[in-house]
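In this document, chain identifiers A, B, C, D and E correspond to the written order of the chains, with residue numbering beginning at 1 in each.
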Amino acid sequence: MFRVQNGVFGYEREDRILNGIDFSLAEGKILTILGPNGAGKTTLLKCMVGLLKWQDGRSLLEDRPVPQIPAAEFWKKVSYVPQAKNFAVPYSVREMVVMGRAPYIGVFSVPGKMDYEIATETMASLGILHLQNKQCSRISGGELQLALIARALVAGPKLVILDEPESHLDFRNQLLVLEKLQWVATEKGISCVINTHYPENAFRISDRTLMLGRGKRYVFGETREVITEENLREFFGVRVRILPFREGERDFNTIFPVELANTAFL
Amino acid sequence: AGSGPGNAVWGKATAKTRTVVDQNGRTVKLPVQVKRVVVTTIWPLPSVFYMVDGSTKRLVGIPPASRSAAGPSMLSAMAPEIMKAETVFATGNDVNLEELMKLRPDVVLFRGENAPEQEKLEKTGIPAVGFRTTSLADGNSIENVYTWMKLLEQVLGKSEKQSKAEEFKRQSLQALNMIQERVKTIPVEKRTRALFLYKDDEKAITVAGSAHFSHFWLTATGAVNVAADIKGTAVVNMEQIYKWDPDIIYITNFTETLPEDLLGNKVNGQDWSRVKAVKNHKVYKEPLGIYRWYPPSTDVPLMLKWLAQKNYPGLFNDYSIETEIKKYFRQFYHYQLRDSQVRQILNPPRDAAKDS
Amino acid sequence: MDKSTMDHNQVLKVLKRNRIRWLLLALLPVVCFLMSLAIGRYYVAPATVVRILGSHLLPLDITWREFDYSVVCQVRLPRVLLAMLVGAALSIAGASFQGIFGNPLASPDALGVSSGTGFGAALALLLFDRNMIAVQLWALFFGMVAIGLTFLISRLRKGQQVLMLILSGVVVSSFFQAMISLIKYIADPESKLPTITYWLMGSMATASYRDLAVVAGIIAVGAAILLLLRWRINLLSLSEEEAKSMGVNITLLRWTVIGAATLVTAATVSTCGFIGWVGLIIPHAARMLVGSDYRAILPASLLLGATYMLIIDLIARTATASEIPLSILTAVAGAPFFAYLLRKTGGGWG
Amino acid sequence: MDKSTMDHNQVLKVLKRNRIRWLLLALLPVVCFLMSLAIGRYYVAPATVVRILGSHLLPLDITWREFDYSVVCQVRLPRVLLAMLVGAALSIAGASFQGIFGNPLASPDALGVSSGTGFGAALALLLFDRNMIAVQLWALFFGMVAIGLTFLISRLRKGQQVLMLILSGVVVSSFFQAMISLIKYIADPESKLPTITYWLMGSMATASYRDLAVVAGIIAVGAAILLLLRWRINLLSLSEEEAKSMGVNITLLRWTVIGAATLVTAATVSTCGFIGWVGLIIPHAARMLVGSDYRAILPASLLLGATYMLIIDLIARTATASEIPLSILTAVAGAPFFAYLLRKTGGGWG
Amino acid sequence: MFRVQNGVFGYEREDRILNGIDFSLAEGKILTILGPNGAGKTTLLKCMVGLLKWQDGRSLLEDRPVPQIPAAEFWKKVSYVPQAKNFAVPYSVREMVVMGRAPYIGVFSVPGKMDYEIATETMASLGILHLQNKQCSRISGGELQLALIARALVAGPKLVILDEPESHLDFRNQLLVLEKLQWVATEKGISCVINTHYPENAFRISDRTLMLGRGKRYVFGETREVITEENLREFFGVRVRILPFREGERDFNTIFPVELANTAFL
């Protein structure tokens, strides 16, 4: 339902960060993007949704090139959650979340009862209903991250794109968000793309993984095939151990970085 | 409901009317009897009113600036009632309409160039007659005062016989011709080069150039206006004064500066001592008669004679300005000046430019 | 459980307090309007005022004097209406500018509209005599020229749009201010200059029904657009990327708001000159009263601005026998109130 | 390896380009200064100018005319020096205000200093006659009163300090502006009003050594403090918490900067009235030329401001026989240059 | 060398977040603070350094009450790195890092050659020297985090306090930062306090751990004793497994959140 063909991008003309990126994502599937700092993960997400323009290649949503889809229509289908920021916005969490309904609300209109109901529901399902009247500038980093995720979900999108959604979240909330995303993907058929620094989380929920390295390299494929001790060592310069274990009926993989691989890497 | 102006019950106002054409070209309906007149924003007009009507009793309202000008002038001596005329309705260029209506004027006289004011007055239904200022006669004070007098006479319903306008114009032109006759033989390079100092203080030297009254005064009396390049009044710097280096300097009544300030070099940051006029002690303050003499006033012939004497003392030594002043005041204002009053006219005090 | 019921009660309490506050805000201008018609230097008995007003609806006997009628209907009524319109217009424009720039120093002149309009008026006053319609039209025209210039300059380079806009506005605004100085400099000091100066200083004294007719329509359209966009303006306080990802066409939205606010500002300046303070301060006062949601700030600014201007103009024409210039009153009367609000709420920006 | 050598070369290139830029910036005012002394309405041959200036150092024969000496030494020299001082002062004050408020709309008047100073001057002009020393002292005094008021109001409540300051400044500034209107309103329109109006409009026409003596000291002290704090001002652009955790006493630092900038602004306004544009725009121009580090912005503003004012004043006193008001020239001459910079750099705020 | 005695704090008077906090930290030791979102970790750090005022109790640095130490002196000894934010500051990374030298630079002075040398060294040791001329607003989230850490270290403090220093960092950089902190603590005798959402990291480097819960509870003690499956379950409401394993000569613990413990927790 979403694909990128031969995506090329660089902030400065000579210095390309992304080169010939090709991947696709089916309905209800989860794609994780992994990669070291500064590899271009955030940049990739922004290019995907058209916030930055591909210098070559293109993104396709439901087989239509993204630039050809009217903005209002596109943003009903796609939600984007940027990396969490410090908020100067003086709105309450409820108002913030309801802003996610903007694509459905006429230009000359204001959010109605239904919009608030959807917002309330979403906040409840993420367990942040008790924050609804708090000012965004006065909640903790993790609480803010959850509010942003709620804002992305209220628009009822087909594709949710999240930049490091588990950062600043505690264990419980990380699990909650991951489970929520999985539920969203499997039950509602919403596709998800997430950036993360935790391959464990990729293992836990994602179907596909794109591992981005410095110097324009990348691998894309089944999560299990992409996240290997070998690849991690090569892309991150860290020696890791992948430890499979069984708990109750489920199989898990825990990934543990042991030590820096070769300091000449950088 | 009484019967006074504006007091008539709506629709029952049946008084007869007449019309005049004002200086904006508007036809204005006036009551036959004009008893209460208000001048709003045209400062010299009350003194002209005195000339026309012989008193200011019919003037129920005047601008505050007219009243403060009247204080040190002869007008307050000749018509003490002017100091009691209402002034509160106006400030600067603004008029409080309701306060104006409280005065129940039969006619309002305003500055014709002030379009917003005209609009405003028309709303009230009070007849409003516009008098124009500099845009009227190109700085020719004779023409200017003459047309004002003519229009005022119409507004006040004066008959041909009562009119003083023609006599004023005749005497003014007579003075002008006399002067022109004598100066016309002087070659350009020998003419007195004069400068009108409009205002002078530590912050600014303001001179009056062409397209202002100064130009008329100086050309009429055979002098060369050194500031002719400047339009209207403008601030200049000392360098420019040095460049002009005038033979004679006149200081208007719009500034508190007196000749001794320049002669004694008392103004901080301005070194006048090297200027020719100062070296030769030819710095004079404008007299103050019924009104300031620099703008158009009904004292025009006197101003001309005074200036001519200062410009060319040798050419105009056949009359005494003191006598001329007394004669003129007797004839037009029916007022016998004392010698001390004449001295006061010719040597106005510093405060003449100040709020009284 | 306990917590949520408390919340519920709290919410109800807040709602109730809000309703009273809004009722007060809405009643204020109405009360002040009626009061204003009955007060003035020229005494007309309140009963007579009511009869005169009523005579437009009912066939009443004419028992009032000529001047009574023209005072109430020709002098006061258009003036009071104009004051309300202007106050409302400047305040809502100011609030919108603050919203889209996220800058508490932004005011209706931020983009050079006022000075452009003022320049147009001054130029027309210099060129034509006694044609107030021309003055208004020229003023409006140059207001538009100013905003157009700002637009073009801000487009000279892509970058931080808001910053480019603010800087372009500063430049255009100072440019037209300089042009106004130029006109004053070349205007005849005896005849034209006082008129131009007086006109620019800001006054409602010349209000006529014709003025009203010209501006009321423009202001109504502009203010309606702004009011309708009240929630969208909230979205502009997010980061550009976030706003875009909500399907907001930022550039279009921003320029719609700017266009409407410009219209409204230019219309008022073209009718009654520069009136400072209102457009800058009333939105802050509104924000402190009703919070930082533009759905509330815009209508509150509108109501507060109308009331404020009404009261100021009432003082201007009644306090002393002569008209007091508005520029003297606006700040003096509003400053203590503003300081009080500041003390109570601390500014209210987040 | 490859990358780092490239970096090194690049750094050298940048340094070299920078050095040339600074050399130009520093030479500009010197060249303009000399040029200014030789140009004026009254012609003095450049050679004579040099001889006259030289006669203060060497025992030269007096071969010039009386007027020549007083034109160069009494009329031009103090004026040119004053213009440079004022331009430098307003620009550095503006740059500092923009720095501590992080707001591109902040200007030397942000906190009400100019209007307070203007009010003091207007009041003194109304009350005393022809006593310019009193005018200057009153002006300075009320400049301080204004900043004091702003301080007190901003302290009414703890909260976002910068916002409280900006809003308090807006209020105090409008208040004193209203007070100025009031003074103009009650001043006699024939005698006092034009003086007050002209004075406030801003002019260097009557610069004297006495004026210079009063302001030069104050400006030197204020500007020196600001220059010394140039790096500290950088720290204020961090969040409050971060700045604090670097051991910065934010409040003290901010008020030291405000104090110095106030001093400098009040000194100029008390000598030559309101001069707009310079304090708002020159710092932006400097930022676009040298980047966003206040270690560079402050000296660049200083040099650029001095040059700019010098040129403006040169035009004001030579272009026509009469003085052209500075307010006409400031924006007109600078706007195209500013638009060009805007186009080249996009504003330069981050 | 640093201790908190009976620390009490709440943003609103009635509603205390921290109550009776007591702990101490020796020279060259590392303290980790763990806890769910909104528990008050950030608040605790701010109270410790005096950015927020304790309502009761006090902090002591080298046995002197913090409020009695002049700010300039205090901040030479203590560095604080707030949770990473989006930077509007238009300075280069080098200038940002050198700002950390502020306590040593006279009020009327600017950073000198030595200050830049120290900054260069620090950036080099964190591997971000290549970023030194980049604008802070144009580097990736992880790169920014490293720059902030560098800024904290240039002042040569005795105590470094970091709020979630590993968030936004990739594997390699996480390891790098943790190793650097450990090195700083053991070799230079600098004490460290860090907030984190990753107990694994606490295991890896910290000597002491303070686990903060909602509702004013907390435990403080040896890391090994505080981080137990039991405590994690109780404080976070998540069932976790702690899996010890051996790699080469070193013992590691990996911690894996299995599932939400009891959904009635919130």
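Descriptive notes on the structure:
One rule holds for everything that comes next: contacts are C-beta pairs under 8 Å (C-beta built on N, C-alpha and C of every residue); 3 or more make two chains touch, one makes a residue touch a chain.
In UniProt terms, the chains line up like this: A, E = Iron complex transport system ATP-binding protein; C, D = Iron complex transport system permease protein.
Since this is a predicted model, take the numbers as computed values, not measurements.
In summary, the chains found to touch both chain A and chain D are C, E. Centroid distances from chain E, each centroid being the mean of CA atoms, peak for B. Inter-chain centre distance (chain D to chain E, centres taken as mean C-alpha positions): 45 Å. With centres taken as mean Cα positions, chain E sits 51 Å from chain C.
Measuring from the averaged C-alpha position of chain C to that of chain D gives a distance of 32 Å.
Across the assembly, chain D contributes 185, 349-350 as residues in contact with two or more other chains. Contact of a single residue of chain B with at least two other chains is seen at positions 91-92. Looking at chain E, residues 85 sit in touch with two or more other chains. The chain pairs satisfying the stated touch condition come to A-C, A-E, B-C, B-D, C-D, D-E. Those residues of chain E lying in contact with chain A across their complex are 11, 35-38, 42, 83, 85-86, 127, 138-143, 146, 164, 167-176, 179, 197, 200, 232, 236-238, 240-241, 243, 245, 247-248, 250, 252, 254, 256-260, 265-266. Across the interface of their complex, chain C is touched by residues 1, 6-11, 13, 24, 41, 88-99, 101-102, 104, 111, 113-120, 123-125, 132-135, 211-212, 231-233 of chain B.
Those residues of chain B that touch chain D in the complex are listed here as 43, 65, 68-69, 91-92, 199, 201-207, 209, 227, 229-230, 234-240, 242-243, 254-256, 268-271, 274, 353-355.
The touching residues of chain D, when paired with chain B in their complex, are 40-42, 66-67, 70-71, 74-76, 129-130, 132, 185, 188-195, 198-199, 203, 205-208, 210-211, 317, 321-323. For chain D in complex with chain E, the touching residues are 3-4, 7, 11, 228-232, 234-235, 237-239, 241-242, 244-249, 253, 292-293, 295, 348-350.
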